[in-house]
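The structure under discussion is supplied below as structure tokens; questions concerning it will follow.
Chain naming follows the written order as A, B, C and D, and within any one chain the residues start at number 1.
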Amino acid sequence: MDLDLSAYSVRTDLALEAHDLASSSGTPIPGVHTSEFDQEGIRVSLIDITSQEGSRALGKLPGHYITIEALELRNKDTDFQDKVATVFAQQFEKFLQKLNIEPNASVLIIGLGNWNVTPDALGPLVVENVMVTRHYFELMPGQVSPGYRPVSSVAPGVLGTTGIETGEIVQGIVDKSKPDLVIAIDALASRSLERVNTTIQIADTGIHPGSGIGNKRKGLTLETLGVPVIAIGVPTVVFASTIVNNAFDLMQNHFRKQTANTGQILGLLDNMQEQERLQLVKEVLNPLGHDLLVTPKEIDQFIEDIANIIASGLNAALHQAVDSDNVAAYTH
Amino acid sequence: MDLDLSAYSVRTDLALEAHDLASSSGTPIPGVHTSEFDQEGIRVSLIDITSQEGSRALGKLPGHYITIEALELRNKDTDFQDKVATVFAQQFEKFLQKLNIEPNASVLIIGLGNWNVTPDALGPLVVENVMVTRHYFELMPGQVSPGYRPVSSVAPGVLGTTGIETGEIVQGIVDKSKPDLVIAIDALASRSLERVNTTIQIADTGIHPGSGIGNKRKGLTLETLGVPVIAIGVPTVVFASTIVNNAFDLMQNHFRKQTANTGQILGLLDNMQEQERLQLVKEVLNPLGHDLLVTPKEIDQFIEDIANIIASGLNAALHQAVDSDNVAAYTH
Amino acid sequence: MDLDLSAYSVRTDLALEAHDLASSSGTPIPGVHTSEFDQEGIRVSLIDITSQEGSRALGKLPGHYITIEALELRNKDTDFQDKVATVFAQQFEKFLQKLNIEPNASVLIIGLGNWNVTPDALGPLVVENVMVTRHYFELMPGQVSPGYRPVSSVAPGVLGTTGIETGEIVQGIVDKSKPDLVIAIDALASRSLERVNTTIQIADTGIHPGSGIGNKRKGLTLETLGVPVIAIGVPTVVFASTIVNNAFDLMQNHFRKQTANTGQILGLLDNMQEQERLQLVKEVLNPLGHDLLVTPKEIDQFIEDIANIIASGLNAALHQAVDSDNVAAYTH
Amino acid sequence: MDLDLSAYSVRTDLALEAHDLASSSGTPIPGVHTSEFDQEGIRVSLIDITSQEGSRALGKLPGHYITIEALELRNKDTDFQDKVATVFAQQFEKFLQKLNIEPNASVLIIGLGNWNVTPDALGPLVVENVMVTRHYFELMPGQVSPGYRPVSSVAPGVLGTTGIETGEIVQGIVDKSKPDLVIAIDALASRSLERVNTTIQIADTGIHPGSGIGNKRKGLTLETLGVPVIAIGVPTVVFASTIVNNAFDLMQNHFRKQTANTGQILGLLDNMQEQERLQLVKEVLNPLGHDLLVTPKEIDQFIEDIANIIASGLNAALHQAVDSDNVAAYTH
């Protein structure tokens, strides 16, 4: 799998993190509208970037972003997972309305990533668990129960195993099957270990070259595919150097709180810019094989749980006949 | 998975079986040329159907057919498997020459079937084990070692899990990636339990609606895809009614040999035509849940072994740099 | 895996089938008490063999047998599967009471069979899904919520992959962990294709050498292990010759019904005893590789569904805190 | 899976690391004999701890330790993997001779760890790939070809999935099957990311409570099992805090080399003892969910490769009939 170079910088795939970095002073950013709420231990943040100015300030494309954060996902509590799936379904349904996607619009779900690399298998696992209905509409039009829309679903593989750019494969399938909307699911490299397997981002900006941990140089966007593209991303891996770099911040904050010390804390590191410091960490770790992309030991279980949450959430959000208050009943 | 209705009749996907049925009298069939040879316990049969007359006689499309039969494949002998892979590679290479496929022609390998249904997973398993090179030619043209050609490989899924006809997905991928040749691998329903996992057919006639055990109503052919299509098929399942119907023949032959009895052998069955008898068997077995498609208990191991044979055989046949005398060294 | 030679005869692992064969005349059999009822499409049969006379008549050991038959299991209907799990749980709970197993008796669940052979993976799959509690009782005695009992669970593998007889491994584990009851789950060879994946047998007679499709020469019984052994068996494979032999019976019945013909029906077969006829079928099929053990094409899904039914049924039956009216809620 | 508390300290499971820490001054340690050599990019270190004094100095039990280090294992080069397997086989064979294990001594291989947690699945994967012969000696004594010894192999599961302490299960199996030697394979928590999946340790000291990443409180030792126990361990996971703590050292060394600075380098951290600093890192990371056990993204492939190396190495070392110069030919 080709690495995402952006993951080597402090740049982030998450609009929420970009916003936190940009607005650390607390001043509102022009062209950026935010709101957030908590629901049973699940934090939902909405960020709308409505101008080029806002886009530049955050380093993210104009568009709508939803972030669902649920740290308790690591506790393997199936009741809590059902709650997250329900919140996901409710937010996704509102998101479709905001984007004026019609209830009968046909949807193609694309599961990006590699089956055989567990932390990259999120997309294919969602594809395996999602409810597929398009063929009923094609084969027996008029006989499908009300409350369903045509949904199709493909896991196109990755460049290293197909030899074809994922964007080309998806374009070919979109050209032939003509969906009204594409939903692309992908595993992301995280800027923080604590986000790994605890955060879901929904965005209407599509998938761009160099995001995610797989290779999709051509991107999956309204421009390349001709239909709107909603991206669902979950951080599943993090660079060792990112873990170290974050730890420096945490240590500095820890010492600042504990001591009245205004002088030296982490010595030479105190005066470095974050990007400079990260670069240094990478230079030091790399030659020794210390700067790998890593994932939690329990990744097999985590990836399966999150894939089930997204699949059952999508089933409920896409089909009115599926009750979005109790999404778990419709998947296994 | 949608069933192949033709499997309910005595019709066969194997040209070799069709030829045996049509030429039972021993008289040569006009427009059909055959030859065969044995190599270390492996039987290779070549059938060329060169006229409409021959096509009608066999009920198979005009074209070239190779059948490789190796009953010992059931013995789990890895040395023998390597021999079969070598024979497959040699025959496939000659087949490409016969069809005038250039050594640098680009190839797209399509693995039909369903990952999650073991006897239908042959295609996806071959895709997983085959050597993919196309992206090197795209990303670093001129830097690829001589002796390789561009090969790409996709497992498009089945209608029931994607919601899109496999033929549409493949057309879309062919349109975008523009291979010179498509090779499609599929699991077949057999007319005989003894053929299951022991026979490989190669044909240049493509995949037609209603062959194979998966659904591909649109077919994968020169007409639909615009490039030649070589189909590789392996029987992996058989109807219970087929097993029973075959047994009637075997019993009749057994009794005829043992006795001078020219009278009643299997009573009322003696006077039935085969198709009529098969229909009767189906009528009797069906209501009781007795007429399932079945596969040998050891299918997990068999399907993996055959997939490795085909993948390593293709690697050797498609790339001159891979030695076709010792194909096993190039796969794992 | 070593084959069960008894599967080559007309002998059956199912007491229900043995009873049907023995009582075909309709006369009650001394020392055998039976009852049966239907519940929402699920047939439950209870057979108690209380004397040596009854045992000889059926060819089964004295003991208590429950058979649950649910042909609709093949329809992949999750609601129906939940019903079967509930019936299984209710019957298993009554069975424990009948055997005077105390609510706090500790239980060791043994999943016989081979992970890597799908139709033989039933036992290991149940072990994977069953709720294990023994270590809580060992590590924090007195702190476990009421309504639970100590349950442990092991999949000991098969002779071909461990090199040790399964009976020896289980004896060793029983000696060390000292359960009050052993429950052994195993896949069986069936006498009829229609029973494959549709029938569950519960018996208090243990597992005897030569039953099941795996090798357990030493048996798992009260005698060998020193504690009661309940066996749970599900037919998952059937010999091709058994399918053929059954078909002869079905054909004969079919012709008898349709015609007033009292003369020749299946010719030479009409006068053969069943065992003689089966022997003949085997002789005819065997040399041609036609007499394999086969399993339905959909075995991957079937085996997972049945394993979930048994695991969730056991969870509900073994722990009073798990509600046996809605067993599905406690498994995934 | 229960965590190994020792992994929270700077203590190490690897004798080589313990020796490096203890002998940083370069002075030889009494009661500790070491030697090492490189072979085609593979580093082999032998450490013999022959006295209680040496044992105390290293914090490791008296015994013989071999460490095989092969950083290139991360390059997915199958030729190199074969070389590592060959070196492993040669060293393991010598190790058996040193311990006076007879060529016909029977061996039980125990694969510790959890199938369903990829970085903990090393032991079960080795068990799956190792050649098992004991049953041939039991069933057909005198008919086994010369050059083989009786080998059996079990993956006993982990406490969380069986409910029984692994040590109890293994004791039970040893009591019944009476091997002359036990070889236990386990995944370890590493003190350094660079060791993960690149280092193999062989030791004759058995498995002790609190080593490894699985729970085996009772230990697998000569004392508990009554036969010698050789432990094979591979680091597969590392705590995030360990990565950070190592990075501090690397950064300090880096700055010391680059500058003549003898003053402040990492500020407050400069004066801390390593254990104190690690404790601080843990305190800072833990509340934020930053201190997980992590594993490289490519763990699926790594664990399979190392398991194959160990399995083929064991096959060659245990059976004289298997050629230890070309071990790869005997596995797949």
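Observations on the model:
Note that in this section contacts are C-beta pairs under 8 Å (C-beta built on N, C-alpha and C of every residue); 3 or more make two chains touch, one makes a residue touch a chain.
Quantities reported herein were computed from a predicted structural model and do not represent experimental measurements.
Superposing the C-alpha atoms of chain B onto those of chain C requires a rotation of 180 degrees, given to the nearest 5. Listed candidates were C-D, B-C or A-D; the one reproducing the A-B interface, defined as more than half of contact pairs identical by residue number, is C-D. Of all residue numbers used at the contact between chain A and chain D, over half are used by both chains, marking a mostly same-residue interface.
Chain A and chain D have Cα centroids lying 36 Å from one another. Chain A and chain C have Cα centroids lying 46 Å from one another.
A straight line joining the Cα centres of chain B and chain D is 46 Å long. Within chain B, the positions touching two or more other chains are listed as 116. Within the complex formed with chain A, the chain B residues making contact are 116, 127-128, 132-135, 138, 150-157, 159-165, 168-169, 171-177. Residue ranges of chain C in contact with chain B, taken from their complex: 71, 74, 116-120, 192-194, 196, 198, 213, 237-238, 240, 243-244, 246-247, 250-251, 254-255, 261, 264-270, 280-281, 283-285, 288-290, 292-301.
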